[in-house]
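A short worksheet on the structure shown next.
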């Protein structure tokens, strides 16, 4: 059914149709609207017998989800940014215990400086936690990925994180096709826990594993994730069967045939990129885009196939590893066998708008071979240079962020 | 949202159950995460017993009551039965050692209670009161003593029908021996009858317990004073003889006295009262001596109409041999006590008392100071000695200090002649005599069988510091009610009453069960390693050394000290 | 003749209320020992039952004389009896978790889940929510943690669980320090006690005064239906409290003192004894509170000075004189003042037992058998 | 499932919601994506005045007409009273871009007190539309020059707060202004707008807001008609 909805509401509706049994929530912008909506549905009795638990922290939220999942309930929560870091220990734990929790991550930057706007720093920070991480390009994708997330999590007995760009998607009102409850029931079977706390069949879950078996446990976790690559495609195919549209999978190529330059990116920037690619194609540039829907497990083979014909690969990503460069770019480089010519464009940090104009510039430079290995898109070079000069001039220049803000403030006031 | 949430939940539950039921042969459900999820109880494969350097062992320690009992009673053992309300079982356990619970419960001076560990906690267990309850209950219900064993074909002569002789006869008879008991008096009981006042031991109680004993098949010959033992043994052949003639000859002290002075001994006063021929005493009587007999004499005199009995004793009350309870009751009855005094003379209705002082050794020394005390009679209660003239014809029976010498086997220096009771050295109490009788019977049995009697080694004494008394609820002793003092002196009614059943039960349950497991489950409960198995009622517990780490909590928390830690031997 | 004048008299052993437990008639040791052949089966403790569940079974790797192993079995077996075996346990990281579940062995015999150090309460909330959501209302949840997992790292989750009144019994096994990591100070470490991070050196040896958290009172401040303290030294009381707790729904808190031979530097055999001294000195008040109000407190049976308790433990050794140190009678006096304050706050002495009971007929310490109290 | 190298199926993942299940061709997608330029509206107001709701309602109205719309707020943590902006981008085809709206086709000012504090007309495209909630004239607000730079029939003022107070019972001018915007720009019908409002608000509130939108729609329409017949000032 087509609806014009806020992204958060669409996600909440999708989650609700998956019949979660325990939803736990702690507010953090920009995730709040999702759990608010679910809370209202539970309160109204629409999700009975689902329990909605208002917890005291994200750490508790994931912990409640762990307890609920281990007890055989379909458990869901949502968070963002600092919240994800605050629950990080439990995030790792849920994966280690093999509990099929589903979590929405309304992607947001991580402080300091505190920032409530979108980038992917949070998701990247837990990329090694053992979760399946899916990225939504649009709110329709967010809906579709959540439906698949529950089925995936439970068939894999692994937690799944659906990453949705904070504000850009969560707060955007747009058209979404929401499936009916009956359609979702047919697609997402009842939860059959792999392990469950049951007095009739008691087990001990969460044993201490020493050097004699820990490496094996980790190796098996790796194998499980690699097998998840297949399962993700199986579920995506099933999704097409059930809903008649594409809505998942590993990678999503767009106009990559004969492309010299292929951009690799994740999340909502893909829409703007596709507009930019179309425009560049209109200008005769042979460019394409590959969207990564699945980030963990990393679809190395699928990605390599998608960019095999490209002369150069540019990764546009909303996070970076300080002191190294792109996070996604590192993974892409690894997936492409260490091939040179993978450029990194760090963009959209802390909510900085990514415009089609800027992306067009990237495409043009990439086609011209003038794109640098690492680009910070739309970086205010003047501010940075002033601060660098100040740092060089004085060992005690004060916090750079503060200085930069002051500079920008001065500059903003200046022309008036 | 619409749909069928209940149906979905049910389906999920069914599916979960289906998975859980598909357990693999080794018990692991399919698909459970490797290593992270484990099947329950698997640590039983880890035998932590290897950590142990000390191991607990269940022990029996000797309860101080048992240790102290001259009659060798297993007081803790019969209290254990009584605690359960099994009075007959308790009584049967008791009479294994002593056939006179009703008498004991009245006349014993209770060394058991003196030794009782509970005395250090609050008050000693009223063992004697429970014993009396059991004894009275047995008489009331007509419980019979155990039948004798198969006839042994041996015949033993017991001389003296007092507590020692009767006890020996009892144990010998139970062992299947033929027993002939010769008693000089016209009734059995000895000092129980002629030395203990009625108000302490009603004679029907004595008669009933003696009769019950005699009915085991003891040949009793009353009025048979043995004057010449050799002659008697020549006259009729016995396989062994037990000599328990007691000590009835009153000791005399030289007291310068005028002809008119009325001086008599305590035993004749007591036996005269018993036989209904009390001596004439007058209004004012002094009793000279500090033992229980002196108190008995004074209290008897009080009941015979003496208005002002006074006990004269050379030393102080704390050094008086008489038992506190007796002295206390005497005081309640109006008997005066004069300490640090000796009788220096008695004439013209006046006693001359010399004041004494105690020297460094606590011995009384004369001071030369005297005073006078009006008295119509002086009763000497200075102890008794045995009349051993019957041994004159058997010179190989060694006699020393007016007592028969016996070895540890109760045998005199004449083979086959054993002796006990007041006729031999030792405490002269009924209980001791009963113990002598039992001991001698055992020795005689062994001697008749031509072997040494091997007594089991005595267990380590269960002292107070072996106990963990926190577990015992606070519970004061149940006192036996007593006759009001004002009504005591008008006759010979029994002063101390028995406990009602409820109170006797309560008192029995005050027993700490020192040194002997009473199945409180503490060891079973406090083991952090579940290494104690409970074997069921009456069967106690066993340590599971596969898992016992030897921490010792069981031993520390055993209320009664029935667990010891021993170094592990590997 | 007093109340014991007939055999039907009851041995009054604790204060009023006492978790609603029916006092046992006086039967020798009926009121205090684990079992008693003289009383009806139902009046004996769960631990006296040969069929007890042994929720924590043999083969675990706890130290000799571990109070926590004992306490956990006491609590869970009682909970199992109270629920007909329908218990799910959630465990915080700590000794109890480590010594029970080293791969490939587990000592638990009930469904058990360990997630993290600080989240036991929240995980238990999740379990409870899942049980409710899946219609398994007959199954109950017990969360358990050491003092660190309760009063320190676990406090936020615990407070949240309390505040939401989630249907969880949270049990803190308090051994007063981080024993699992080698005896470091926690917010439950008592003043004066030596730990690896409050060493017995300097002008103020041991843990400082004026810090730490009294979690039972923190719990009470949440107005949850039931808060109680207990020790491994009074099993009847502990089991009665578990039973009471399991009869109630909502957030419940049980704080159990479990001596640690390793961290307290006590003999392994003295675990129960030391716990007893903690209560008999007044340092560890044993009480219960319903809806935020104290409803009962276990009376001290045989009061002892705190010194009797402290002397048992190596972690307080520095407070007492020896050849190479003068001792700290001032610190002992401050600890005594804490005990006195507890006694006053909770009314731990029977009527008539005022302060200064030392002058009474029963000298302090005399009633504690074999406590080996040094002069 | 898209396989590497296949480009055409990508469209189905996206916004072809109106034709769920149909095959989207690469050419069609491209044409649609790069076809007609979208129409963009920026709403200005203060937190609590329903600025975001206004953008959302507009998007819903467009959606109800079978077209595509994307509404979003100026992402921030504004508190009640603080200046707030919201956006609505609409198009006949699916909207993929996530760019902010920097060059709106129309600006709606819900609160004229923002004048001088916020650059209300920033990026307004030449020939764009301006709708201001005020009982005063644009001259009095100091917007005369700006208004003069726009086509005469692209500018309107409405006393929407008064209308709202009267018809809704609360000084929330958003629905009234949407009615005005519909009349001014004709990018959405009053029917669709009314339906969107009625979806969002039930009962008297919904009816009042519909009435407010309807009244202002008529007012602005009337003003535009008057402008068409009147000579330029």
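Think of it as A, B, C and D in the order they're written, each chain with its own count starting at 1.
Keep in mind that, in the parts below, a residue touches a chain if its C-beta (ideal position, glycine included) is under 8 Å from a C-beta of that chain, and two chains touch if they have at least 3 such contacts.
Because the structure is a prediction, the values reported are computed rather than measured.
Centrality by C-alpha centroid: the chain sitting nearest the overall protein C-alpha mean is C.
Comparing chain pairs B-C and A-C by the number of C-beta pairs in contact, the larger count belongs to B-C. Mean C-alpha position of chain C lies 66 Å from that of chain D.
If you average the CA atoms of chain B and of chain C, the two centres end up 43 Å from each other. With each centre defined as the average position of its C-alpha atoms, the distance from chain A to chain C rounds to 46 Å.
Chain A and chain B have Cα centroids lying 88 Å from one another.
Under the contact definition stated at the top, not a single residue of chain D touches 2 or more other chains. Residue numbers of chain C whose C-beta contacts span two or more other chains: 100-101, 103-104, 106, 108-110, 112, 133-135.
Multi-chain contact residues of chain B (touching two or more other chains): 9, 12-13, 35-36, 38-40. The full set of touching chain pairs reads A-B, A-C, A-D, B-C. Those residues of chain A that touch chain D in the shared complex are 2, 4, 6, 29-30, 116-118, 137-138, 140-141, 144, 165-168, 171-177, 233, 236-237, 240, 243-247, 249, 251-257, 268-272, 274-275, 278-279, 281-282, 288, 302-303, 305-309, 351, 353-356. Residue ranges of chain A in contact with chain B, taken from their complex: 13, 16-17, 19, 21, 41, 46-50, 72, 74, 96-98, 157, 181-182, 185, 190-196, 198, 200-207, 209, 213-214, 216-217, 220. Chain contact summary for the complex, chain A toward chain C: residues 21-22, 24, 49-51, 53-57, 59-61, 63-73, 75, 89-90, 93, 97, 197-199, 201-210, 212-213.
Listed in rising order, the residues of chain D touching chain A in the complex are 1-7, 9-10, 12-18, 20-21, 26, 30, 33-34, 55-56, 59-60, 62-64, 68-73, 75-77, 94-100, 102. For chain B in complex with chain A, the residues that touch the partner chain are 1-6, 8-9, 11-13, 15-16, 18-20, 23, 29, 31-40.
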